[in-house]
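Below: a set of structures, written as structure tokens.
Look at the two complexes coming up: chain A is in both, with chain B in one and chain C in the other.
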Partner chain A sequence: MVSSKYIYYLFLMNALINIINFVPRVLVFTRFHGALPSIFLSTFIGTLLFFGFTYTIKGFKGQGLPEIFNATLPRFFSFLLLILYAFFWFMAGIITMLSFVDITLRFISPDISSYAVILGFLLLTSICCRLSSESILYALETLLFLVTPIIVYMLVKAFINPAFNWDAVMQVVTFMWTRPKYVSLAGATFIFSGYFNLAIFNRNFKQIKTRHFWMIPVVGLMILLVTFLVPVGYHGTIGVEEHVYSWFSTADSIRMELFIIERVLFLFYTTYLTLALVSTVLHWHVGLELFKGAFQSKEGKKPGKKMDWWVLVPFSAATIIIMNFLDQVRLGQLGQWFLNIRFLNELLLMGVMFYAKGRSAKKT
Partner chain B sequence: MKKGICCLLAILLSGTLSGCQFKDIDKRSFVLAIGIDRPDDPKKRDQFEVTLKMGIPEGDPTKRSQESVVITEVAESVPEAIRLAKSKMDKEVDFSHCKALIYGESLVRNNITPIVDWSSRRRDIQLIMYCAVGMPNAKEVVQMQTKSERLPGNALILGLGKEGTESPYIKTVYSYDLKRRVTERGLDPIMPIVEAKHPDMLVIDKLALFNKKKMVTVLSPEETRIYNLLTSHNLRSSFRVDAEGTSFDYNLEASKSRYRIQGGKDGKAVIQYTLSGRAVLEENTVGTSVTGPVMRGYSKAAGEKWKKDGEQLLKKIQATGLDPIGWGLRYYSRNWNNATEQEDWKRLYPNLEFQVKADMEIKYTGMIR
Partner chain C sequence: MSSKTREQEVSWLSETMSGQVDFEQRMLGSSGEIGLQYLRSLTNSDTISRYVIVPGYEMEDVKAFESYISSFPGTIQTGERQQILEYVLKGFAYIRIASRGYLFDAVKVESSGVGEAVNESIVQGPRDALSESIEMNLNLIRRRYQSAALKVDMLTLGKVSHTSVAILYDNDRVDQQVLKEMKKRIADVDIDILQSAGELEKYITPERFRIFPTMVVTERPDRVVFNIAEGKVAVIIDSNGFAIIAPVVFSDFFTAMDDKIQVPLVGWFLKIIRYIGLFLTLTLPALYVTFASYNPEILKVQISLLIAGSRAAVPYPSFMEVFLMLLMMEFLTEASLRLPKAIGPTATTVGGLILGQAATQAGLVSNIMIILVSAVAISNFIIPLSMMGYTIRVIKYGMVLFAITFGLVGIVVSIVGLIMYLSGLRSFGRPYMKMFALDSKVKGGQ
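Up next is the complex of A and B:
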């Protein structure tokens, strides 16, 4: 059983990993057509969803999504929904992973085979995501404590650089009164969707107390603005679009004059490698548990541990196959599609949760 | 079962050991500076002459045995030239430590866009690389082996950056800065000029102003210093003032520069600069003792000199039609009518007026009065 501060870690994880999951990409593309209003709107929507989800799941103490669905929904629907969401969570992990394989090849060594990289990532995530939910939460806490100071250091470094162009940032800010687009909204709400992982981790929470809830919108909005505006400050209002991984280019533009290595890029890379792997492990863990939950009997008897590999191996194979089909452009599009569908999915889950809450209230 | 999985893992992982294709450090030669020119041969005017200055890793970096290797190659494009250069080297050419890219004068008078594109597109070339214009050409600048140079290319790198010398005549321009200036609306590229003076000296004291594509004007050393004063904080410099009756030098301890664009509604705009500085007297040519009133008089004279020089430089920049400081971007960023602001600025620019308010204070007279 863990205390409820872990909800905030789950939130922070997703908020920090957005750079890898193509959130800056869509915000930068729509910077003249509604990125900024989308950010503000998504802060509102994201907070609302966050609140709604924690509010509904609070009623099901110690239960994950499989238990809730199996108890309140018709068997067929609960099976379908659980499989759907399992796929969905696996996809989230796959995109983070593929994106990071691409980044590794681009920035670290283009000579290394992409298969070697993905194989390493897949092995690590497959083994780690079979750990118990609690160990994963503890690992998450430890790694966030290690990584967050480095990220803050790099951000401070980015802001105090005299070459940071505030005029470019302000110029983008003047495009505030444009109509928000669905794509940028879907991208921006990704920041807040860390609570989503409660779907499984709720099993481990004693009780969910959301103290200091005001921190969610404040921190979320700040992270979104930084995600969006710092690359603009470094690469200009027009030039920012030309950088494929705008945040990695930004990290490459910052110098640590008096450190062992001069390029912040490498520090940034290792930091985000850690984050990306933890995030993937988290997502795959949730995906795996949901998958197993779909085959759970009414009495809550779970399929055995050995079944894990029957899920993980096909998904790993699928990752490699997907990677084969992708080039840089398609990977970006895939990431965007994921973000788009994710937002709808979240709304759907919200609806189902409220329905389930109503049903269970009637039962008792 | 578990043992089986472990064995399988071990076998799989051993496959990746050789797959890295990692080349040892003694099999690499590190490019430290690149120079790119147009060839002198009139038949090859649209080709590129690429000069690579390479350092070969050796045992003891403190000795001055570090000879650099310079390779020059002509080809239709920069990548082609580099491939040709690779076949002249016995070692793997590694760009990841390249710290300076010198654009030859012949190139900057023609078109810099392909090179800017190439250098920011290549994954292994840093975005924190220094960019500069080489005169008379990039090859001579890159080849130059100054007496003070301990490591290959280091004279150029230290000169262009701020770790070594901190001259008020040098404006540091990084690759990412150049790239953003090439694309940005209302902000034009600039680059410092490095001149190779024979037998063994590199002089960096001028600034080249570009339109988006090529060099348009060169600022003289004096103008470059004022430009630096206008665009940076805490410039490390001394200035000389030769007014009537007074003649003295002062050393700047702290400086600050701000500007704002006033007006713009009625087709006229004023750019107001506010300079402030704190200084210490370095030399008093007249020789009389510097009392309080004299010091305040000196401060005033120094401020007036800044005002005069500053306004002169700003007018010169305006006359070229360029925007190296980013007034245009400032105007766009402070106006919310995004549809029309660019047209407005285009109309405003030729009639811009400049006001420089210099608030200069000489606070100390040095060790003697």
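Up next is the complex of A and C:
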């Protein structure tokens, strides 16, 4: 049993990892066509979704999504939905990993084999995502506490840099009153979808208290604005489009004059690699548990521990195969498609959750 | 009991003990109606002669002598063979008066007395270490913890050694679940000889493959007392001056008893220093491999050039150099640990000065490597509890291996993996590594 503060960690995790999952890229593409309004709009929608999900799942104390679905929905639908969501959350992890392999090859070690890198990632995630949910939450907390100060330091460094062009930022802000696009909206809401992890972690919460809920829109909006505007400030309104991983290029533009490591890029890379690994472990853990939940019997009897590998090995193999097929452009497209479909999925989830809540209220 | 069975009793004990040079068997009283049997080496002969033999002749009547003997605290009246044997082997004298048998406490304890803590020495604060005798240890702990809530459960372990084991806890504060688990695990221990707390720790840990200690083994009574007050369970065993404390969290291994005594700011500083030391000793060798062989561009140009220049004469890849020097350092540490005090300094001189200096001049290792290895060794010694120190010593090789195979990625992956592994560990059902572990304890959270 853990306290409510872990909800905020789950939120923060997803919010920070957006840089890897192509959110800034989507926003930058639509910077003249409604990126900024969709940021504000998505803060609203995201908070609503976050609150809606925590509100509905609060009613099912100590239950994960599999238990809720299996109890309230027809067997077939619950199976289908659980497989769908498990697949999606595995996909989130895969995209994070694959873009990090790409980043590693491009920025850190061009001469290392991509197979070696992905193998390292897969090994860690597959082993660690089998830990108990509680343990993963503890690890998440510890690692966030280690990493967040460094991120704050780098942000301060970014803002006080004289090369930061506020005019470019102002230029983009003038496009405030344009019509938001679905793509940018779907991308921007990604940072709020940390709540989805509750689908499994709700099993471990004693009681969900939402006292500091105001922090979610505030922090979310701040992170979104920083995600979007800082690369613009560094590369200019037009030049920012040239970069696939605009944040890594941004970090590479910053220098630490007085430290033994000169380029901020390396600090940025290590911190984000840490975050990416934890986020993948988190996502895969949720995916795995949902998958197992789909095969759970009505009495809540779970498939055995051996089943883990029957899920993890195919997904790991799939990751390597996908990596083989995708070049950088296609990977970017996949990431964007994922973001788009994910948003629809979350709306669907909200509907199902309210239905389930209604059903269970009727039952009792 | 008829006189026939009494005779059997006597002959049974002397038969079992036949051939033991230190087994004493005497008849007391004018008509020899009092039998006295004991092991000379375990009993205090002064006690025996002053309180048993002399009064045995002075008292006019056997009845008076019997009530005199049974009035001693610690005297047990029994006829049970198993118990008699057990207690005689402990140092009790078996006195047989009329038809009844008495076990008279005349235990002689040969122990080193209360010494100074050597493995966990501190600057200020109490210097006592636990002694080799369980009674004295209980005394040391009770004196520091004067509360009726302090409970001591005694039991014996070891089929041959019959070692006394005491479980200590504060009844009001202890986590009952942990206590139950501890008692169960100790009861399940099945060994012949138990001689040290470390051994017991090994037997009551469920995981067979593990690298991190999930119990603290300490020699300081003040640490034991401090932990008991926190609601933990302590186990002390006879004939070994160490106590086991459980459950523990990772940060317990980085606390010295000094921290409480220091000014708060200094205490914090010392704590931070230890974690920095932990980080350095773990990552420095791995980082060296990365910087020298994988990503020299990470460092400032000057530093990269410095490393490259220092490595110019070295004829093999950086990881060979790292392994060579780390191994040399381990040898040096082990050698200076086990050597007799008189030769100890020689090892340090030969190893440290000659090897270090000559190796660089010969071009076998770089200068920077020598500095790095000493930094690694020194920061490893910062860890206050040696069990954790040993663990960290082993783990850094794993980090080097990851650095060899994956470079910078490997280091990050191994750090994340390590934290995940630590978070997955449990010490008696309690999380092993958790931020703010102390806060939640105060609030009564789980």
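As a working rule, the second predicted complex is superposed on the first by the 364 of 364 C-alpha atoms of A that agree within 3 Å, B and C clash if a C-alpha of one lies under 4 Å from a C-alpha of the other, contacts with A are read in each partner's own complex, and residues count from 1 in each chain.
Everything that follows uses one rule, which is that a residue touches a chain if its C-beta (ideal position, glycine included) is under 8 Å from a C-beta of that chain, and two chains touch if they have at least 3 such contacts.
Values in this document were obtained by computation on a predicted structure and should not be read as measured data.
In the superposed model, A:S249 lies in contact with chain B only, and not with chain C.
When the two complexes are overlaid on their common chain A, residue A:I238 makes contact with chain B while staying clear of chain C.
When the two complexes are overlaid on their common chain A, residue A:T104 makes contact with chain C while staying clear of chain B. In the superposition on chain A, A:A168 contacts chain B only, with no contact to chain C. After overlaying the two complexes on the shared chain, residue contacts for A:V281 are found with chain C alone; chain B is out of touch. Once chain A of one complex is fitted onto chain A of the other, the partner contacts of A:E262 extend to both chain B and chain C. After overlaying the two complexes on the shared chain, residue contacts for A:A116 are found with chain B and with chain C alike.
Judged by the touch definition given at the top, the superposed model places A:T270 against chain C, while chain B stays out of reach.
Shared interface residues of chain A (contacting chain B in one complex, chain C in the other): 109, 112, 116, 120, 262-263. Per the touch definition, chain C reaches chain A in the complex via residues 294-295, 298-301, 303, 402, 405-410, 412-413, 415-417, 419-424, 431, 433-435, 440, 445-446.
Interface residues of chain B, counted against chain A in their complex, comprise 1, 9, 12, 15-16, 19-22, 120, 123, 126-128, 163, 174, 176-177, 179-185, 187, 232-233, 326, 329-330, 332-336, 338.
On the side of chain A, the complex with chain C involves touching residues 1, 3, 104, 108-109, 112, 116-117, 120-121, 124, 127-128, 131-132, 134-136, 138-139, 141-143, 145, 206, 260-263, 266, 269-270, 273-274, 277-278, 281.
Within the complex formed with chain B, the chain A residues making contact are 32, 106-107, 109-113, 116, 119-120, 123, 162-163, 165, 167-171, 173-177, 234-239, 242, 249, 252-255, 257, 262-263, 265, 306.
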